[in-house]
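Structures incoming, each one as structure tokens.
What follows is chain A paired twice: with chain B in the first complex and chain C in the second.
Right after this comes the complex of A and B.
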């Protein structure tokens, strides 16, 4: 009996059922969060009335919910595939979902009962300065919810790291460091799913611990306002955590590309020295690039901000020249038969790669001076999250649903999601280039055209996601053995 | 405006990349019998793309790093003839003193906050964002800007600061002479 089988046999929980539970949660929450996003765009377009107090609660819930669900979806993809190569605990995987649901309940209560509207980034000292519109308890419930979710993810990553170490001997070996620097044959390197899961474990464990530190400090400040700490240090910690966590969601979800596309193309995903080097460098850059969020904090040391810009540019190279290039060469005249799953996964790579371009532009200091915190920012991150990461997750969901599920509507779902999503992100980017600020509940008349185009795009994207998610939920009626 | 250049270049590059993905997707169902030479030429292309990316990366960063908005030594310390203005944010209003200037005048805004993080976003009379810095409690960021056009400029808040965030603005008047 191998180690992998041993771990599997110890758990009474069916692994595929657990993945299905993750994806069902992801699908339902994703739809709800997309509807919250659509609500904001419709309000900005002045097609519906939403009071600013409620708008900012919705904005906070949308942000936290989407980041959380991206993490959960990425974790589902990663865990489903990485357990083919390393022993992992189904119980811990399920525990993460339970922690997530408890945390989500706390966060939803904080927002819709407690009125907490401090944005998902809870930028210190805002949670303690509500202007009388939310209580300390409301803010505390939000931050406690994030902490609980963080504990779940910490457990999951540590368990996967344990599994990787047990098979490969260390996290460096799991990442393919020796292969990256030519000290070991490429053929002996880890499969892509293991390299990606190693990167996710290293990055998220550090990022989550940093996030926990600033959350606990903020919680103390809520109830003991005389306890204060440096606002710039707090901002560094928050963006370190936030940037790392949201980026890792993509690096987890991309495992779907490595594992699913070759099933369709019948071409193995090529792992070579460049591939491993890209993952090593991506790990380092995800952990060091966060200062590009602080380019307008002139009090920061200039050398760190300059490094933030340069690393921001460098971090685009592995994505564009390795993963995107790898997907293109894998698919190129492969004879694959397109279906919704393959289309979504391929779209996910495209969305990720294309989204890098406006993101890198915004990471350039003179550009950031006139585009930071305009709608250019949600424009670029929705490109690589909505059309990138989420497309990969929806592709995985569609793939798991299998060909037996009703599929005649699935292509329509993909096209609606693509066309709607593209319209939606372009409206944001155009508004950003016209200096429209982000996170405004009320917009000037001159900005309405962008909001209305964005609302139409968002409506189409929601319709597409609805089709794909309902198709997946319907597929849950089929026996687990039918799952790929 | 920088924004127009960034929009044009970004859309051109994003569109080109989208076209490559669309082209590969469109031709994917027709199998290639001899994949080896195709993949070899693809990897050669990648080497050239990498070289091109390095050239662009070095060139753009070199130029961008020559135009940083950060001020090592405020004009006041250097004895230069630059107007000083003190700007402070507080939920949910700005105080900027003085708030009247003339075209051609270079102003250094000493920006801070009395409560939470705000964003000092300077908009020209056409509502184009021309400069910004963060307003943070406990810190003073110095933003230097030379007014080039007469009219009413506005300061908007560009860092989410609570429920009155969108209401937080003030005007700056710039006279022709």
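Right after this comes the complex of A and C.
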């Protein structure tokens, strides 16, 4: 136990056990959601029969489940490492998991019992216009589930922010603002994990609170349909929340790169002025970039769309660049011995970096007017979520499992995940550039080749993830202090 | 001391006298009169604190019961229907004048210091967007929510609430961002160094 942990943990719940519980939940849910994804792909490929109504339920559950589990996995990575530097409450961390499970149960009930199929983005006024497919109660259970999950994350981020303020004085200091602008020596700056956790707290507190507002308004509308509000305003609020939440999952998971690669290379992660500046800029931009989801909404003020487009080009880049560059310099000639954990974490950086390219292309108005709502979109976000964010989380899982658990299979898992995942996302991107629409349950014969290639890739990726996750679950049998 | 204590009844009384002009406009009613009434109770709490019985302080666990009462009392008087009734029935208005200080301001003043930082942050994070959302609703609602206020008065109230939410949100962000003591102060840097030292010693 380090000095910090002794000071920091006032609770009796074991912190490592809590992180393990998070990761076990993430692993199991990730596998289930991947199977739902595979089901959709197989249905589009016409290799299995899925009723279109059920397809949209599956799509909604897959989207919501994956986004939620990405948040939970990112939170596990962030909390595990940030508590080395600031005091945080284990009870709140566990409470977030409990809120998550309650919310997930509500959401799954909404989908598979209530038939809710309004997509994870619950775009107003769709939840209230089901055409008889789901009831107001079904839609309400879905939104209530999101609200409950939001409460948990809000508490978690506020608690971490409190911890950061107690050590660094303010969130600005936690982010390294002084260092970024050259007003304080670089060596006094916060460690990367703290900077990342600060940005996650700032962005997600604002994002969640905005999401809660639109969720409550939508709930009122469900039961009092005469109460309506501006649909474009609702769309703005929803994407403000949705964009921020899913982006922050990457900014939390990336802490695994900052903390795990140095263990392998025996070199500390170098933080310098540019590093802090990148985090400051990305914090500002993640909160202002969401209008790229509204590029097709002609009623939006053009100035906002233009700003959204320009910020889209820039938003991910600063942190991505310092991380990719930092990872390369950290690894270069370090003599590190690659294993599954190091490989996954490194893959995460690469997947993130590569996935940003088609995303930026799509954030450009002339491209967006062609690519919007084609499979180009799932193509780019699956690249940085499946091969980026989730690879980082699986790397963290593998790292926690430690070298003791069966390791000869782990490299096979990594390769399957990488090769299968790459095939799967390339099939989406190729289909997108051939103008195959996204969110279609039934595909034309001309599109089937893409769907079948994608299905094969997805199956391999599921197999790879299965190996890595089972290996982690098996490692849970070892006593807690045996893990790093 | 006694003169500052006199502030409570004086402010209470003045608000009662200024009832008509403040209630004439929905924006003033919601964004000025109601908060000031709560403020009267809050002031009262600071004067009563030394006399607070110990059993009372102990049963108000982490300030949660008190703040729940505040949430219910304030939500009640935010209902458009209650605003209407306060205008038409003097005895309802008297109830408002009694309950906002005693059931919202007083418990707020006595329970807030007992609430841990995380709970306070959580309440702020809920309260500020709630104000903004209600403001947005008043602004957007196509119909009148109160019988006694015109549509334009309702919209003005909406703008006032949104403005309050923006001001509070900005203040809150600046405070947590800059921190206290400001992170550029020597104390801040010293504290940070000490933390790094513990960390290194521990590993």
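FYI, the second predicted complex is superposed on the first by the 472 of 484 C-alpha atoms of A that agree within 3 Å, B and C clash if a C-alpha of one lies under 4 Å from a C-alpha of the other, contacts with A are read in each partner's own complex, and residues count from 1 in each chain.
Methods note: a residue touches a chain if its C-beta (ideal position, glycine included) is under 8 Å from a C-beta of that chain, and two chains touch if they have at least 3 such contacts.
Everything numeric here is computed off the predicted structure, so don't read it as measured data.
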Chain B and chain C placed together on chain A: clash or fit? fit
Between chain B and chain C, the one with more contact residues on chain A is chain B
Query raised in the report: What is the contact status of A:158 with respect to chain B (first) and chain C (second): first, second, both, or neither?
Result: second
Which partner does A:224 reach: the first (chain B), the second (chain C), both, or neither?
neither
Item to complete: Considering only the touch criterion stated at the top, classify A:357 as touching first (chain B), second (chain C), both, or neither.
Response: first
Just to be sure I read the superposition right, which of the two partners does A:216 touch: chain B = first, chain C = second, or both, or neither?
second
Looking at the overlay, what does A:92 touch: chain B (first), chain C (second), both, or neither? second
Message: I'd like to know which partner A:172 touches here: chain B for first, chain C for second, both or neither.
response: second
Min C-alpha distance chain B to chain C after superposition on A, in Å, is 14
Residues on chain A touched by both chain B and chain C 230
In the complex, chain A touches chain C at residues 1-7, 84-85, 89, 92, 154-155, 158-159, 161-162, 165, 167-173, 178, 183-184, 188, 205, 209-210, 212-213, 216-217, 229-230, 233
Counting only contacts in the complex, chain C reaches chain A at residues 117-118, 121-122, 125-126, 128-130, 132-133, 136-137, 140, 176-185, 188-189, 191-193, 195, 198-199, 201-203
In their shared complex, chain A is touched by residues of chain B numbered 1-4, 6-7, 9-11, 13-14, 17-18, 20-21, 24-25, 27-32, 35, 38-39, 42, 46, 49-50, 53, 57, 60-61, 64-65, 67-72, 91-92, 115-117, 119, 121, 123, 127-134, 136-143, 156-166
Seen from chain A, its contact residues with chain B in the complex are 52-53, 56, 117-119, 121, 123, 125-126, 129-131, 133, 230-232, 235, 265, 267, 296-299, 302, 305-306, 309-310, 313-314, 317, 320-321, 324-325, 328-329, 331-338, 343, 346, 349-350, 353-354, 357-358, 361, 364-367, 369-374, 383, 429-430, 432-435, 437, 439-442, 444, 446
